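Submitted below is the structure of interest, expressed as structure tokens.
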Amino acid sequence: MTVVAAGATLDAFVAVRAATEGLAAPLSAEDQTVSSMPDVSPTKWHRAHTTWFFEQFLLLVASPGYEPVDERYLYLFNSYYEGAGPRHPRAERGLLTRPGCAEVADYRARVDEAVAALLARRQGDPAVDATVELGLHHEQQHQELLLMDIKHVLGTNPFRPAYAAARPARGGARPLGWLPVDGGVVEVGAPPDGPFTFDNETPVHRAWVEPFEVADRLVSAGDWLEFMADGGYEQPGLWLSDGWAAVRAEGRRAPLYWDAAPDGSGWIVHTLEGHRPVDPAEPVVHVSYHEAEAFAHWAGARLPTEVEWEVAARRWAPDPPVRPIGMHPAAGADGGWWGQVWQWTASAYLPYPGFRPAPGLVGEYNGKFMCGQHVLRGSACVTPPGHARLTYRNFFPPAARWAFSGLRLAR
Amino acid sequence: MTVVAAGATLDAFVAVRAATEGLAAPLSAEDQTVSSMPDVSPTKWHRAHTTWFFEQFLLLVASPGYEPVDERYLYLFNSYYEGAGPRHPRAERGLLTRPGCAEVADYRARVDEAVAALLARRQGDPAVDATVELGLHHEQQHQELLLMDIKHVLGTNPFRPAYAAARPARGGARPLGWLPVDGGVVEVGAPPDGPFTFDNETPVHRAWVEPFEVADRLVSAGDWLEFMADGGYEQPGLWLSDGWAAVRAEGRRAPLYWDAAPDGSGWIVHTLEGHRPVDPAEPVVHVSYHEAEAFAHWAGARLPTEVEWEVAARRWAPDPPVRPIGMHPAAGADGGWWGQVWQWTASAYLPYPGFRPAPGLVGEYNGKFMCGQHVLRGSACVTPPGHARLTYRNFFPPAARWAFSGLRLAR
Amino acid sequence: MTVVAAGATLDAFVAVRAATEGLAAPLSAEDQTVSSMPDVSPTKWHRAHTTWFFEQFLLLVASPGYEPVDERYLYLFNSYYEGAGPRHPRAERGLLTRPGCAEVADYRARVDEAVAALLARRQGDPAVDATVELGLHHEQQHQELLLMDIKHVLGTNPFRPAYAAARPARGGARPLGWLPVDGGVVEVGAPPDGPFTFDNETPVHRAWVEPFEVADRLVSAGDWLEFMADGGYEQPGLWLSDGWAAVRAEGRRAPLYWDAAPDGSGWIVHTLEGHRPVDPAEPVVHVSYHEAEAFAHWAGARLPTEVEWEVAARRWAPDPPVRPIGMHPAAGADGGWWGQVWQWTASAYLPYPGFRPAPGLVGEYNGKFMCGQHVLRGSACVTPPGHARLTYRNFFPPAARWAFSGLRLAR
Amino acid sequence: MTVVAAGATLDAFVAVRAATEGLAAPLSAEDQTVSSMPDVSPTKWHRAHTTWFFEQFLLLVASPGYEPVDERYLYLFNSYYEGAGPRHPRAERGLLTRPGCAEVADYRARVDEAVAALLARRQGDPAVDATVELGLHHEQQHQELLLMDIKHVLGTNPFRPAYAAARPARGGARPLGWLPVDGGVVEVGAPPDGPFTFDNETPVHRAWVEPFEVADRLVSAGDWLEFMADGGYEQPGLWLSDGWAAVRAEGRRAPLYWDAAPDGSGWIVHTLEGHRPVDPAEPVVHVSYHEAEAFAHWAGARLPTEVEWEVAARRWAPDPPVRPIGMHPAAGADGGWWGQVWQWTASAYLPYPGFRPAPGLVGEYNGKFMCGQHVLRGSACVTPPGHARLTYRNFFPPAARWAFSGLRLAR
């Protein structure tokens, strides 16, 4: 394997693949095996599935004579691609003890080797490079999912173990201000000839916005404590009907991962860095769309639409910093547009005008989920470095809370 | 009770209230008691709930000293108004045998009398007139729901009984053509000072649309048979993920109420006018958003957004005819904008920019459902006369099929 | 139709059939249509199903050329006889609005006429008489089920309506005494050549019992209040594992139909005679096997086995009185062996040694339910007159409470 | 730790504890973590729970000053002892990744050491010895459960991995013969002063049995194939009502772990020794009570009661051999009374006349499960050596199939 010969694509491939293994490294074989709820996939499944993506969409397509590492993995590690044949039921991912972590590591190594060889043979081939690029962005998404998921697994454990060492808190609380944004016909979305984007960010299109204002910082845990103290979780009039039903059915009275301190002194939060008191200055995280919407209602404001968010971020914070992966949002002075929490928008996740799914099997990547979800913008502390951008459309169902989801107000 | 003295509001009140009783008249006490699925309410519940609306929001507010007909009805017949106190669980509506039909008729008569007396005393009082007007529009919505619901109740009966006599078929099939609509910044929504609208139709606001074309007729049952014959229900690539999951989980292979003829000769459809062969010329009805979206995908077209629908209807069919209530959509030459089937749009049901719920308890009427649903436009054969308008926003969850829902294509 | 000619069988037929209609008479069409839980069948279904039994097992077998009243009823009103062909799903009985009460009455009248004609033609035919006799015992069972079921339907109604007028209370509380019974090899069960019995009561067989004592009265509501006051529903150590799980899952803290009085003054019980304070002197009723077993444990006693019960009743109360149907158990001086509440025994419902199901379709009547249930002995206030006997084996699942089930202690 | 000083109890303790670890040894950390259905506990949970038993019931009671290894384990590894305080929900056992296998091994070692020290200090103390003896029998039960459970875990894996190497088949098919057993008043159950038994085997009591015959071998897989070929799974008349419902609901058409060979050539069975063709000569295993009962019905025979089984075994095969643990039943010439499969009896699992639960916390061991289950007698290939005896009462719900359950006919 000649790294130099294969060039930048191989460098990126090696780096992203190694980053995944780095995220799994602190976890025991037991940790990597379990699924704690239907949305959560085991760590070793993420490691294998991202590998399958390269095997299925790159090696089996572009590498004549390639023999799959194990035919059965093509079935086991397909997530939801109907076009790629039958697949193991999602609900049973947490029942699979074999292949184990060691066999998954071996699977990764053998596919990595085959991809590296292919890149060496086909250096500069744009079709190959495009598939690898897509696979790496796909793998970065799973790096974030891996952290979301293992946070939930560890959060169901009565011991509430930490995944990583705690870092010192940064900064303090600050009052909320408002930033003005002009209205009119605007253009949003990703152009066809720019850097990599997912198909759901295209095409560039026009929209009308009225002038508006957007908050200069995220909603904080301290803001949320005020909402709670003011009976936010007890007033049905603040809530969407579905949101109130969830509050009642599940007894929700705080964000996910918040527990009342046994001594009644306040709230404790489970983080990837361990169990600790809620810091009022940090951005609130792990709230559903329903909760975000109720909070905005209570605050006399609203959530921005995704068009508004994109226009506002372009005006006030256009460049996502390339920053190291973190494990929990932290108070800071930068307004929190990037690298803290995903920000719920008022927009349902729907196709842009003129949207066409990418051709081929990967056309199933985004388009088929355009129903029943809401868009989040920005990026989170656990989003891999280099993965954030202005036109990125993240999406989750409105009741979901296990993503690193928070909010920014508009009015 | 002096009808003349109370004027137009009383006339409307008497007419709408009588129309409800007319719809219930062909149904036995047994028919009026049952709920055949969680979405379906019993006929006698609709009759009582629409009465409760006047008692709760008009008589108890504007008629000092008014004594409720039965205190317990305030609990039993509240649908979902959190602000109006605790209420009987929706899931148990079909378990209530008391009050029976006769007692519900008595409840209606006593509330009608009290409202008429109030209208006589307060003739021309705008607050009273506004509440009555809202209550009548509310009751008209329930007239349509009553028919949707009893269709389902009768449809679960192995006898498939008819609700009404069959009418002769109208017209035949015709080829589909396309109507052009200009783009640009458009204004949509309902003005504050016009005729009655619901709060969710406001405010008037601007939006951007690109030029587009809209089909000059509804998608027909014949079109749908082609879709089915071409494997529409067997190709996952045509479907949204949730839609495909429903197809698999429920074994869907045709619209709701279609049954394969026992002799293999085609399809039989359960209608309020009885069981009969599918007429290819009639508009398809009782399809979900998922099905509508898959069909549009298959046809190489798409669904219009609700802004597009409103702009196109304003251009091509601005005046909803005042027509008698029907029981099943029928082939016709008028393009089917009104009075046939509700038309799914590509738009999620969300607040318009600047939307504010109506003040008071009736603010729960629309706003709190703005999540997880899709907008339908136009009106259906079972929509009461005078209830359709250009800015009307109907909405149902994307998997729902028991409404009279069909579709019109755009591109 | 010549009643005299057809003789005793016809007399019995006319009387039992009329008794069913008498039980339904106080109920509205709405009341007769609803099923309030999966175990509960609508009143009009009971009326139709007992009619189907004669049509299916008598007229279609023994009456050449007989035409069913409606072919579809053979499907709709089969309860669970696999041998009689496909049938309407039990869970959907409460969705059937057609046939309505009037059509069911007509069905009954036409089948009654056909049976009477058959009895006239075949007077004294033992096969015909035996089937009619079985059908009448079957219908008597459904008379009791009808009352159990409508009690539940009315009990889910917030109005808690009464089915019948209240009768004056009888008698007062009395202390519990113990009656001795000898042990040894005993014979129990029903002989082949005696009066009518169900197949599950046969054959006569021998068993061994040790000497024991049995309580001289039923456990009373007052006894139960002591159990509750002593924390009976809070001590897991008193309960079978399944029983404790039900206590926890459903929040059980009293017998079915008992509600805490809103003013905290005690307990109110829903009866077929209306809503009224619990009378400590009346037998406790509507307790599950689990509750009965926990009570016996708490009382330092146990439940008798069904062999013990039969031997004890043969010794101490061998003759079930022919008494009018009642609506609620009442305090009395007769020990309550008969006509008050069914008495849970410690015995699982299993085949007697040498048991053979009755030949033909009616072999499905009893045998196939011999798993997962417990035997109750005696009879209840709602058991039809003449239906009780020493060898009768009633059975329900151990968690069931909607039967008129109570208990008698042994030690 | 002085093994010699502590004597026989310590020897047994060391041997049984080591046997558990030996059973876990072939399993990876991933294998030991998962629960594949609600009945199945993870291997590492079995290892920890059996350790908790000694900590909770021995060390915390009899070893003053003993400090639990981890307070939290007292909560995590309590199975169902209400008297021992709150406990981790059973349904979440498979979500626990911490403590991992290594920490569980450490837990075992530390408790083993403390028990050995206690035994040295209190050598010959009958209370201590009795608790250890109970704990070892408890652990042997969990050894069998561990194998049942891991078989299910591996059986849900599409790879169907083997747990152990395959052994050569033994013996061939042989025709079934009948052994006579005398009737009369018999004594069954375990005496108070004999070797160890569980409380549910006591007291010795009398019962009446009629003369009967019992099969001289187990029902074989070949017999079962005949039942299947004769439509056993298609004839409702053979089945108990609950059994037929399970056949329909789950599409059952063969014993658990049988799969139709992809090439249509017959049946493949998943065993702990791997995936292999069904051997007609081996005893059938993993059938429910419902299936066993239907088979007996089809064969014109019946299942023995547990009294009959005990009397017959005492006559024909009184001495359970002390044999090594196996992994799958095998054809043999010894009639299969012991060490092949547990044999369903016709008896519900109920208390013996005069039964009293053991005093103290361990009184929850058996008695509270005496409802809704059926008794199995004999022992299975996976039953630990020395754990089988004539009076042993095993029990499972009638629908359960994951135990090593088969059957022997009577008539």
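Read from first to last, the chains carry the letters A, B, C and D; within each, the first residue is number 1.
Following the convention adopted for this analysis, a residue touches a chain if its C-beta (ideal position, glycine included) is under 8 Å from a C-beta of that chain, and two chains touch if they have at least 3 such contacts.
No experiment lies behind these values; they were computed from the predicted model shown.
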Chain of greatest Cα-centre distance to chain B: D
Rounded Å distance between chain A and chain D, as computed from the means of their C-alpha atoms: 46
Averaged-CA centre spacing for the pair chain C and chain A, given as whole angstrom: 59
Averaged-CA centre spacing for the pair chain D and chain C, given as whole angstrom: 38
Touch-based graph of the chains, sorted into line, ring, star, complete or other: ring
In the complex with chain B, residue positions of chain C that touch it: 28-34, 36, 44, 72, 75-76, 88, 92, 94-98, 100-101, 153-154, 156-159, 161
Residues of chain D that touch chain C when the two form their complex: 80, 82-83, 185, 205-208, 210, 236-237, 239-244, 289-290, 293, 346-348, 350-351, 353-354, 363-364, 368-372, 398
